Amino acid sequence: MKYLYIFLPVSILLYKLNFFTLCFFVTILAVIPISSSICKYTDIFSEQLGDKVGGLLNATAGNIPELIISYFALKSGMFELVKSGLIGSIIGNLLLVEGISIFLGGLKYNEQKFSREFARTNFGLLFLALTGIIIASTYKRSFFNNGNFKEMSYGISIILLLVYFLGLIFSLITHRNLFIFTCKNEEEAIDKNVTGNRQLRFFLTLISFIFTFLFLIIEGNILVKLIEYISLSYGFSQNFLGIIIIPMVGNVAEYSTAILMALKNKINLCIEIAIGSGMQIALFAMPFLVLIGLTYGYTIDLSYNLYQITSLIIAIGLSFFVFQDGKTFWIEGAILLASYFIIALGYLFM
Amino acid sequence: MKYLYIFLPVSILLYKLNFFTLCFFVTILAVIPISSSICKYTDIFSEQLGDKVGGLLNATAGNIPELIISYFALKSGMFELVKSGLIGSIIGNLLLVEGISIFLGGLKYNEQKFSREFARTNFGLLFLALTGIIIASTYKRSFFNNGNFKEMSYGISIILLLVYFLGLIFSLITHRNLFIFTCKNEEEAIDKNVTGNRQLRFFLTLISFIFTFLFLIIEGNILVKLIEYISLSYGFSQNFLGIIIIPMVGNVAEYSTAILMALKNKINLCIEIAIGSGMQIALFAMPFLVLIGLTYGYTIDLSYNLYQITSLIIAIGLSFFVFQDGKTFWIEGAILLASYFIIALGYLFM
Amino acid sequence: MKYLYIFLPVSILLYKLNFFTLCFFVTILAVIPISSSICKYTDIFSEQLGDKVGGLLNATAGNIPELIISYFALKSGMFELVKSGLIGSIIGNLLLVEGISIFLGGLKYNEQKFSREFARTNFGLLFLALTGIIIASTYKRSFFNNGNFKEMSYGISIILLLVYFLGLIFSLITHRNLFIFTCKNEEEAIDKNVTGNRQLRFFLTLISFIFTFLFLIIEGNILVKLIEYISLSYGFSQNFLGIIIIPMVGNVAEYSTAILMALKNKINLCIEIAIGSGMQIALFAMPFLVLIGLTYGYTIDLSYNLYQITSLIIAIGLSFFVFQDGKTFWIEGAILLASYFIIALGYLFM
């Protein structure tokens, strides 16, 4: 993963030289190691800050890359890109990550069992986020001449964020034992065992984190401008670009870890990561980006179109079906993947 | 609860003196003890009439206050009030009552377990009622120039009532053992142990019941007229008043009992009451009020608007999700309450 | 069942004499034994061809009668008939067959248990087919000016057929042990035990099969022309005729076997047949008939109207609810039947 950092200077160079189309692909490659590193540094901080504060940090930091890119996109007025990026991230986690993991894991093992306790609360929170989106969209559809759906969106977003923090209290404090917390980049977990000066290490990690964060801001800014360019030059819709690119750059770490876990028969962890990550986008990133509008003036609301809502219902419904019996077969992975491709087809033909 | 009877004469007096706005709130307070007493007297009758007839009486009598008030509202042509009152009662039972009970109970007990056998049939019947409402509404939406949806509503209502009575046969006769029957006002259950002349007691209860019923008719009549006044004077929609007031006056007894049960760790009973009460409104009160139109000419149909149907699907779906694993945590109560507030927000901004 | 073959010559005679209305009912009676025989012969072939090829044959041959009749109807341009026939077949299997079996079986036995392992994969495949239909229809609804929904339908159909074959590999090869394979006409199973010349028997079965297949083509052709006549003369819509007649002629064998099995307390087999049959129509017959359009020019797409989709979601949802707890009571059969009648009411009043 670290070797991909080579694309960081290349991307900036190409951007300065105005090779926008080539730069677009290079920038995507450059964001991948940054996104992966931020996840790694967060794990190290979490470990040092102790269980509760660390858990809180770890839970929310996974979405930093998506949030930064979405923030720049909002600033450029690319509302459709941000909204379809959020939907794409959730669907990607629930159908693509889970689908590939279960399919590949199932080819290796005849049957993979997991504990249903872990992900159940996250499904509950996902259902609540879905409720918020459906109610906001139905409200807009039913009373489209009525100008209150901005207030409606703000109100629902505040409720969702509130329950998100209640969910953190539940999983970090009152019902800790029901959850597993692990480094999302388990392949890098060996790093942690390095002995040595703790304070020095903390300081070095902080420096590294600040630099990575600066890289992310630079690249995020470039990426959003390139998406705008690609969209205008090649006639791709913001919807299509959003549903594909935002999830890709934001979740690569989760994607690769989940598949590795499935191949090691740790399907528990793999489902935990996919559902947890989908839940955080729906219940934290989504309402958070809506509320940003209150302070800055550029805004999206919580309502989505019929095709997006239908996709979301299908993604949550199918992954809940697969989850429900506590074991997985390869055919269930195939069903999740097939439904992902069916939904993606619609965005392709849009 | 009994002290609230003081509001009965006050309400009538204020009505005669034309203090309508104040009278509105007093009347609501006056209906609460009446609604609670009717529930108590029904329990006493049930006990004396034996298992089967008593069970039948007990199951249907819980809805008497809502039915009386809805009847007067229908007579005054307030169709929207009645329809949104029915939806509000179901949502109130499934999200608000269950939500508060599970949340408060969960704060006291780390985990509350209940038997999944009990409420499962009631969920099946709720799903059937939902089917009837969705089909009637989809039919109306799909063929809105076609005048047959009145016949459609009558047909579906007859099927729903038929299955409601089949459900009573199932729970009272063929599969009695799967259900628990209890006084809905358990705090008043001590009354029952009073020894003495059985016949005299039955007679006295009958007299009390007749008086309470008369009070209900007087107050129901006043309440409907006041709602009309409030709606016109203050510009509240019938939808908003219906979704808030009808459930409040009809279900206060269930609300308070369910919460008390949850705090005593009797979450079984609490879920049984909430689901059972929601099912009775959906499968009995709703089609019954539609069929009343056949004899009297003033009528509502079974079709509801998109926002109401969406709310109903979410309420039934979320409470089924919480019910499914046979145990509850406080976060599940918070999820139910949050979804209630999200739905209520839409009615507020309507 | 065999005696019904007498209606075969009667139907042809009446058709030649132009007694169309009478002929219509006689033809339906004539198709029933043909449909049943094809199912029986397929079982015999399957047995002789060995586990894997036989299983494949058995799985797909159950839909031959529906496919032949749908093919002739497509050729005559009766697209609505074919589409509502497909929906009717799925709903008929999931609500009517399952409903009658569970209701009648439940009247005889207090509680019927079955293994949840068997039908679970079929439900997963059904949910995928539903995903395809919903996405195709939502796409059409959302972008109705956009001409790409033909390509969309073809793409989704190919994905569905692919997963159908993956499902066969799963159930016939990699996870054989999770499934039960049996003669769908168990009452005729004694035939199989006849000893004698294997090759002669195979040859005789082949001859019989070819003749039965020819009968099916003749009668299918007549039936489609009669439906057209009935539709024009009596003013019934293609939708109404499709939803009633196509399922009736295609699934009589499954219907009678399922009910017999339920009365013998073999509810496992009964649910397996109903769900499996519904899945095959949704995941094989439906996309197959869409793709036929690619070669012949007469075509249907995968999108359905709101009423049809709602019916389908209700049928799959309710039968999954009943299936989920691994046991059935008569009231659950009554709920399935009631929802079937509610849906049928809409087609009657259409």
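Labels A, B and C are assigned to the chains in the order they are written; within every chain, residues are numbered from 1.
Methods note: a contact is a pair of C-beta atoms (placed from the backbone, for glycine too) under 8 Å apart; a residue touches a chain by one contact, two chains touch by 3 or more.
Labels paired with UniProt names: A, B, C = Ca(2+)/H(+) antiporter.
Note that this is a predicted model, so its numbers are computed, not measured.
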* Asked: Given which chains touch which, is the overall layout a line, a ring, a star, complete, or other?
  -> complete
* Shared interface numbering between chain C and chain B [over half = same, under half = different] -> different
* Structure fact -> Taking each chain's mean CA coordinate, chain B and chain C are separated, in whole Å, by 42
* Structure fact -> Within chain A, the set of residues that touch 2 or more other chains is none
* Mind listing the chain A positions that touch chain B in their complex? => 116, 120-121, 123-125, 127-128, 131-132, 134-135, 138-139, 141-143, 146, 148-149, 151-152, 155-156, 159-160, 162-163, 166-167, 170, 174-175
* Hey, which residues of chain B end up touching chain A in the complex? -> 110, 305-307, 310-311, 314, 317-318, 321-322, 325, 329-332, 334-335, 338-339, 341-343, 345-346, 349-350
